[in-house]
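Okay, so chain A shows up in both of these, paired with chain B first and chain C after.
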Partner chain A sequence: MAMTLIQRIDVTSSASANYTFSSIPQTYTDLLLVTCAQGAGSNSDGNFVWINGISTATYSGNMLRRTINAGNDGGFAGSSSYIVPLCYSAGQTSFPSFAGNGWCYFPNYTNTNINRGYNSIAGISPNVSTTNAQMIIHGVGNTTTAAITSILYSGYALNLASGTTLSLYGIS
Partner chain B sequence: MTTDTPMVAEVDCSTGIQTERPMTAEEIKNWEAVKAESAKLQAEQEAAAQAKADAKLAAQAKLQALGLTGEEIAAITE
Partner chain C sequence: MPATYTLIATASVGGLTAGTFSSIPQSYTDLVIVCNTRVTSTSDIQAFQVNGAGSGYDVIYSESTGQTTGTGTAQISYRVNYIPGTSQSGVWDTSIYHLLNYSQGNTYKTLLTQGAAAANGGFFTQSTVSTYAGATTAVTSLVYGTANGSTYAANSIIRLYGILAA
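Then we have the complex of A and B:
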């Protein structure tokens, strides 16, 4: 197995919530997105991914979550547009020294015979007693069968803070 | 373009060139829908979790009233 860095985004200003990898090469078997992200604000709940510019309610997701106070533990089904695959909470204001880390894996991303699906593992643990220390495992599907040519990573309600890194790897 | 318009930074993987553009009207509309739905679902999840925690405390109080020790209650509820 070989893992090749396709592109890495180093966020150097806090001017945008949304970053897109476009013209993704179709020469690998799988894609891996690795994120180390902070939101430019108090919390950054619900960072998510859209593929191929699809922003309509054609997604589905299931999430297993563990939080530090166990108040929000459990499994949750997302609706068609509620996509929370990566680094749930990593607000720069609340956690100035911590980022939310996540991996999102896109297997078989060029196979047009199957719907697109991807899975993620994400976590943050600032060692404080808040619900914002948590671990999430997420499975997501979209109804499209088109090969993935672009991936948008969104900081949800907050711009991504300077220092955030998003790395897209090709697996072959 | 106003400063309030959400931006999308785009990196072309074939060239490595990064550009920035405002979100389209459709993207903004759907992004806002995601945020609204996310907030609604999160509130529902938190309410459900709180109700469950409240019920657990009530059940533990009833078990205590029946004479179970804290250790015994923990053994059957945790």
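Then we have the complex of A and C:
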């Protein structure tokens, strides 16, 4: 067994902010989502993930963040209907050809005895000295104990631009 | 597709305070440890020791809320992420650790921590670089446990994967 590509989404237009991996196999130990994203707009944006279509205020997060001009700003800790940024996208207008890169790891995603939790690391460095250049490590959780059967990846306020790639792997 | 990311062992650690991955195969390039754990006390710190060594670790770390950064020397284990407990209801540690070039016999071994737990408050997300400088021997066993002796909660698991540069 190994690291197996379950599905890759190649964004070919800038018509939507949201893309969903559905009917995720329940045969792996962990899941890994790898993203290389641009937003169809100006500034970079904080993309997020919903699991199993859950959009209620049942997510919580704890972030370590460093920006290029403000150092370690203490990040964010809180709860919401979504937790951003999980990964980043760079706005195609202001930062052409710069993508935000990230990966998000979902351990033990089929165990129905515990709340879901996941771990992401993401960064963007579009050759500027503003907060648009930053990196994060983020712990996110949801109160559901259901196994993860679908993952929605959202560009938040921006549609995802053509050229964005989203790859979901199974780890076993 | 080559088996480049292989599960070596799963430790179901609920009810335990420590354990050991022993006889680690030397056939991979790097090791990855994935923790999905809680403790039954308020909170604790995940700890690892290579080959049973109880001294000679140093660390550089950066934490989330509170903006704490720091260093440490002469530690008794790799200093890694916090584990949520009764102070954080329903929150689980989801930390990932990379132990690079573990089978090489002439370098000190460094553990990279991508620590993360969805705790609303507190410094439960961390990045650390921690090196064991007590010996350069290959890592053949890895002790895992809670630094302050807390018991892992039921359903806690620690998985060890091998990464192969195939």
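Criterion: the second predicted complex is superposed on the first by the 164 of 172 C-alpha atoms of A that agree within 3 Å, B and C clash if a C-alpha of one lies under 4 Å from a C-alpha of the other, contacts with A are read in each partner's own complex, and residues count from 1 in each chain.
One rule holds in what follows: a residue touches a chain if its C-beta (ideal position, glycine included) is under 8 Å from a C-beta of that chain, and two chains touch if they have at least 3 such contacts.
For clarity, every value in this text was computed on a predicted model and none was experimentally measured.
By the document's definition of touching, of the two partners only chain C reaches A:64; chain B does not. Residue contacts after overlaying the shared chain place A:120 against chain C, while chain B stays out of touching range. Judged by the touch definition given at the top, the superposed model places A:19 against chain B, while chain C stays out of reach.
Applying the stated contact rule after C-alpha superposition, one finds that A:168 touches chain B and leaves chain C untouched.
Across the superposed pair, chain B and chain C both touch chain A at residues 72-74, 78-79, 83. Touching chain C in their complex are the following residues of chain A: 1-4, 29-30, 59-66, 72-75, 77-79, 83, 105, 107-108, 111, 113-115, 117-121, 137-141, 143, 171-172.
Contact residues of chain A toward chain B in the complex are 6-7, 9, 15-25, 45-46, 48, 55-57, 71-74, 76, 78-79, 81-84, 152, 154, 156-157, 168.
The part of chain B that touches chain A in the complex is made up of residues 6-16, 18, 20, 23, 26-27, 30-31, 33-35, 37-38, 41-42, 45-46, 49-50, 53. Contacts from chain C toward chain A in the complex involve residues 1-7, 10, 34-36, 38, 62-67, 69, 90-96, 114-122, 124-127, 154-155, 157, 159, 161.
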